[in-house]
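There are two complexes below, and they share chain A, which is joined by chain B in the first and by chain C in the second.
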Partner chain A sequence: MLKGYIPPYNATVVQKLLDQGAVLLGKTNLDEFAMGSGSTDGIFGPVRNPWSYSKQYREKRKQSHHRADEDSNWLITGGSSGGSAAAVSAFTCFAALGSDTGGSTRNPAALCGLVGLKPTYGLVSRYGLIPLVNSMDVPGILTRCVDDAAIVLGVLAGHDPKDSTTTQDPVGPFILPILRDVSKLCIGIPKEYNVPELSSEMQAFWSKAADLFASKGAKVVEVSLPHTSYSIVCYHVLCTAEVASNMARFDGLEYGHRCNVNVSTEAMYAATRREGFNDVVRGRILSGNFFLLRENYDDYFVKAQKVRRLIANDFVKVFNSGVDVLLTPTTLSDAVPYLEFIKEDNRTRSAQDDIFTQSVNMAGLPAVNVPMALSSQGLPVGLQLIGRAFSDQQLLTVAKWFEEQVQFPVIQLQELVDNCPTFSQHEKLGLVSLKR
Partner chain B sequence: MKRGISEVSHNLWPVASDAPSGAPGRAGPRRDGCGSGGAGSTSRELPFAGSDSEKASGPSPERIEHLERLALVDFRNREGVARLQAAIEFAGQLRAVDTDGVAPMASVLEDRCLYLRADDVVEGSCAEALLQNSQQTVEEYFVPPPGNITLPKQSEQGPVPKS
Partner chain C sequence: MAAPILRCARPGRCWSLDYRPRRSRALFAEPVPGRVRGQSSAAAQEPRPGAHEWAAVVGLEIHAQISSNSKLFSGSQVTFLAPPNSLVSFFDASLPGTLPVLNRRCVEAAVMTGLALNCTVNKKSLFDRKHYFYADLPAGYQITQQRLPIAVNGSLTYSLGVGAQWSPSATKTVRIKQIQLEQDSGKSLHDDTRSQTLIDLNRAEGQLRVDANVSVHHPGEPLGVRTEVKNLNSIRFLAKAIDYEIQRQIEELQNGGKILNETRAFDEKLGCTVSMRDKEGKQDYRFMPEPNLPPLILYDAESLPVAADPQQVVNIDWIRERLPELPSVTRGRLVEQYGILPEHSFVLLNEDGLLEFFQTVMKETRAEPKKVIGWILTIFLGYLKQRNLAVSESPLSPSSLAELLNLLDSKVISLPAAKQVFEELWQNQGKTPGQIIREKKLELLQNQEELEEICQAVLAKHPQQVMAVKNGNQKVVNKLIGIVRRATGGRADPGRIKQILEKQLQ
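Let's turn to the complex of A and B:
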């Protein structure tokens, strides 16, 4: 739909980075209009996870008697901001921007071994971010370590007169202190997140992380977010409804793809949109319009808005009970092969994969994926930390402590290892990208 | 699939076709929808009445056409209809939640003031840059095909075409 479109202006988040001297290396691939959890449904094709080519993964494949150099069995990055995750994960760039409406930054961060930050809704400007769900979208930040994410957040956060949903309160600075003593910290473990679909390996890592906090003196408690199981359905209705409205602007007239039909305006719009949108987008628009029909409006859309309040209130109650940060899985398992992923359709996958990340967007809270360790397949697994609204600095401080504790390994890309003999001496480079 | 209006609840034919767009964002192009202006939807005492009958048989072809006209995307093939049916069923799970006395939440920032900018022009005058993105322009105008011509009705065309 946006074929040939050259934006005549920069998004605020892009402009802020450019103003600070950032060098824009390029634009990355994603699921079309950020709808998807695999980065497989874009017009430029699916995105490959750099870890598919890593020494760590390939050695495990050899051990289990698979051909290590199988190219056809490459892994997905997760999505929808998979291209950004792949770029950062493969050391192509220092940081990348994504978007996060249901987990689209945190999901690929987890599968690509990155720090994926979803800031509090209202902290970072959405001006220039193509809207999907106006009340849940935020720009996401992908980096290799927590300090880098804090640097980028420091540049991006703050009121923007062009986005009236940004907070007017002063924000930052986002310099992270080194946390030495976690004994005053209370970590919440939401019991409803222990779903049957969670792989046993992920469950074990989650437990291990909780134990880690406890062993260092933090208080670790089980909490309840009772409406968690409804968040996907609620999101389904709200998202499709907002999409139906937001996608209405793409009509081929002022920008983007335009078809050849010239019989009437309506016919031109309809044909342009048929040609320009993929199945996923069209499906959501149609569903959204269904839920917004006058006789369905109260029963679906308003109902979903009420459920949203219940979900948001769950979090408020938990944070009011003394919990500082919630610790949850980010994804159900490590990265799966593309051929495996496409066996189910986009909506099914999104519904499955968004389970841990979605309700955070409902409530507008900050959340971050921190890579923890490599799975038995040699692939990254990450955990999610969720904080109170506008507590992004505290959240990142805890994340940084956790990162330091787990010492997630640097990706070893075969070509890099072969061509650069000094690489192994710089393995620590990945953890601190900016030396001051 | 069920056919015929008499078998379907009269709730399926609202008076006006405008779908309220609950979200901020530019309104889509105006259109007049069905054109047939069926019986008004008068009763709200049967929540989900429309979707119950639809649940049993799937959205009727009239319904699909109505949605397509509102959305101006077509998805009338079997796959599209099946997708919609699945989406409707999936959303039906919301019924199980007790929301008595709960106010709908439109934004997480609802308890804050959102400030508007002063109505002063501070940037713009970039007509040329904007026009360059369009495929058909004449001087400073975007050129659409003729308006006021509604999409032809497709329901006479019979069974759902193959995907």
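Let's turn to the complex of A and C:
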């Protein structure tokens, strides 16, 4: 739909980075209109996880008697901001921006071994972010370490007059102290997040992380978020409804793709939208419009908003009971191969993969994925920390402590570079060192 | 597009808010359904013997564009007669990623309107999206206030006129159901020869558009099915359309037909309403809260937070204190101050700039207000209307008119001469009344002897008429006056001529 469209203005977050001297290296791939959890449904094709080519992964594959250099079984990055995650993970840039509506930044961060930050809703301007769900979207930040994420957040956070949903209160600074004593910290473990679909390996890592906090003196308590089981359907209703509304502007008239039909305005709209949107997007638009029909509005949309309030209140209650930060998995498992991922449709996958992440968007809270360790396959596994609204700085402080504790390994791509015929020896030497 | 719009609507007694095709919204009944029969503009239909009386119920949905420098949600300017698509911001063109930002001045205007119409101003109001696809609506939805508008439950008292007479005692009150802020659309121009439609996203046509909802019923019975007549943009057509529609519905029902709940358009040439039946049937606008605009919170003196930045808040009480004098108060004051008739005060206020013109003239003239009003409302306004000019475009300045009226008042010139001078002033803007009078020799002939001489001469020339008068035919005197006047070149006061002639005819 937006093929060939070059926006005539910069998003506030982009402009703020440029104003601070950032160099824009490029634009990255994603699921179309940020709908998806694999970064496999973009018009430019699917995104490949750099870890597919890492020494760590390949060695494990060899060990389990798979052909180490097979290229066809590459892994997904997760999504929908997979392109940005791949770019940071492969050391092509210092940081990348994504978006996060149901987990689109944290999910690929987990699968690519990155810090993926979803700031509090209203902390960072959405002006220039093509909206998916206006009441849940935030710009996401992807970096290789927590301090980098804090630097970027420090540049981006703050009121924007162009975005009426940004906070008017002063924010920051986001300089992170080094946490030495976690004994005053209370970590909450939501019991409803222990779902059957969670891989046992992930479960083990989650436990290990909880134990880590406890062993260093933090208080670790089990908490309850009772309405968790309703969050997927609630999210589905609200998300599709807003999508149907936000996509209404894509008619080919003012910008973007326009079809050749000119029999009538209506025919032109219909053909343009059929051609310009993929199945996923069209499916969501149809669902959303259904929920917004007058006869359905109260039963679906209003009901979902009420459930949303209940979900948000679950978090408030937990934080009011003395918990500082919640610790949960980010994804069900480590990255899966593309060929396996596409066996299920986009909607099914999204529903499955968003389970740990999307309640956070509904509640507008800040959350961050911190890479923890490598799985038995040699692939990144991350955990999610969730804080109360506008406590982004505290959240990142805890994240930084955790990062320091776990010492997540650097991706080893040197072999790939060495073996790659397209780079000259000179270029290989000139590549950024892969050591932190 | 996205020019601000205020919508006033009057409440219906038992209609629910319905979703309608394009820009319509419903509503409203007069609290006292007027007995309506025999409209002045349509042929009166005499009810069949034994048939009940009919009562009509009319509700108006009024779209008025707010006078502001920029649009309701975007920073683009609002200027009239700008080239097409020259006042379109990224937001107006619905570029992805753009967001609405509420215009403070528009909020203040809405509050002012609400206060002027005795509404309750809602301290919290909400914005919604109303979805439909149309080429002049780039985002595919319009931002409006459907759930909780900015002001509700107001009233407007007005006087009824029958023909040219205004009867101050026949005052009525109409309910204002609500006032809501709403985004304007663009403008479509249909080019039938090339089978295309051209879109201008500056703003929609017309400063004022009205949709009229009409139904009829027998008093005591439930309200009838209503129709909606859309996009009327003059008071005259509004009245005609309503009258026609009432009549049409009465006839239809009396002939055993049914009224369909539909949208109609008014054909100005034929003077009738025509059905605009939509092929797809009823529209569902899929209303949804506008997620990019937080609830609009207004404050008053009591609720205003102590540390509030005055730039960031709208204070209802502050606005109330600064409301200009309302028209009904002004009219009352004018009647009292100048002794003019109430109907005059209406005209003065309803014509832009006319009141100021009148008041300036009054300051500079000795003439009686009643005389001044006559000149302003009949002659001056007549000239303007004939040439389709606004008061601001008048070639005649109030000072000139004042001077002219002074000269008339001190009997330097006669009334006919004054009218001539007026015409001259209109054509030649550089001259003063005094100059024109001197040039054209329009001064009244004051000299009694001279006048008597002329009269005598005329009488001498017209012996038959003299005989007729002496025989008792008084009408002939007027003829003689006319002749004398012509003889003086219009420079003699008819009253004086009459005096002299009568004396001479004795």
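Quick note on the criterion: the second predicted complex is superposed on the first by the 413 of 436 C-alpha atoms of A that agree within 3 Å, B and C clash if a C-alpha of one lies under 4 Å from a C-alpha of the other, contacts with A are read in each partner's own complex, and residues count from 1 in each chain.
We take it that a contact is a pair of C-beta atoms (placed from the backbone, for glycine too) under 8 Å apart; a residue touches a chain by one contact, two chains touch by 3 or more.
This one's a predicted model, so the numbers in the text were calculated from it and none came from an experiment.
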Kindly classify A:S245 by the partners it touches after superposition: chain B alone (first), chain C alone (second), both, or neither? both
Comparing chain B and chain C in the superposed model, the one touching more of chain A is B
Which partner does A:L253 contact after superposing on A: first (chain B), second (chain C), both, neither? both
According to the stated criteria, A:Y127 is in contact with first (chain B), second (chain C), both, or neither; which is it? second
Give one of first, second, both or neither to describe whether A:F91 is in contact with chain B, with chain C, with both, or with none. neither
Under the stated touch criterion, which partner chain does A:G283 make contact with: chain B (first), chain C (second), both, or neither? first
Applying the touch criterion given at the start, work out whether A:L292 contacts chain B, chain C, both or neither, answering first, second, both or neither. both
Between chain B (first) and chain C (second), which does A:R274 come into contact with in this model arrangement: first, second, both, or neither? first
Looking at the overlay, does A:A312 come into contact with chain B only (first), chain C only (second), both, or neither? first
Per the contact definition in the header, classify A:E266: touching chain B only (first), chain C only (second), both, or neither. both
Where on chain A do chain B and chain C both make contact? 8, 131, 133-135, 161-162, 164-165, 168, 241-242, 244-245, 248-249, 251, 253-255, 265-266, 269, 289, 292-294, 297, 301
Would you pull the chain A residues touching chain C in the complex into a rising list? 2, 7-9, 11, 126-131, 133-135, 161-165, 168, 241-242, 244-245, 247-251, 253-255, 265-266, 269, 289, 292-294, 297, 301
Which of the residues in chain C end up touching chain A in this complex? 19, 90, 93-102, 129, 131, 133-135, 138-141, 197, 199, 284, 286-288, 291-294, 312
Show which residues of chain A lie in contact with chain B when the two form their complex. 4-6, 8, 121-122, 131, 133-135, 161-162, 164-165, 167-168, 227, 230, 233-234, 236-237, 240-242, 244-246, 248-249, 251-256, 258, 261-270, 273-274, 277, 279, 282-283, 285-310, 312, 345, 347, 351, 363-364, 389
Note which residues of chain B are touching chain A in the complex, please. 11-12, 14, 16, 19-29, 31, 41, 44, 47-48, 50-51, 59, 63, 67-68, 70-75, 79-80, 83-84, 86-88, 90-91, 93-97, 99, 102-109, 112, 114-117, 126, 129-130, 132-136, 142, 144-151
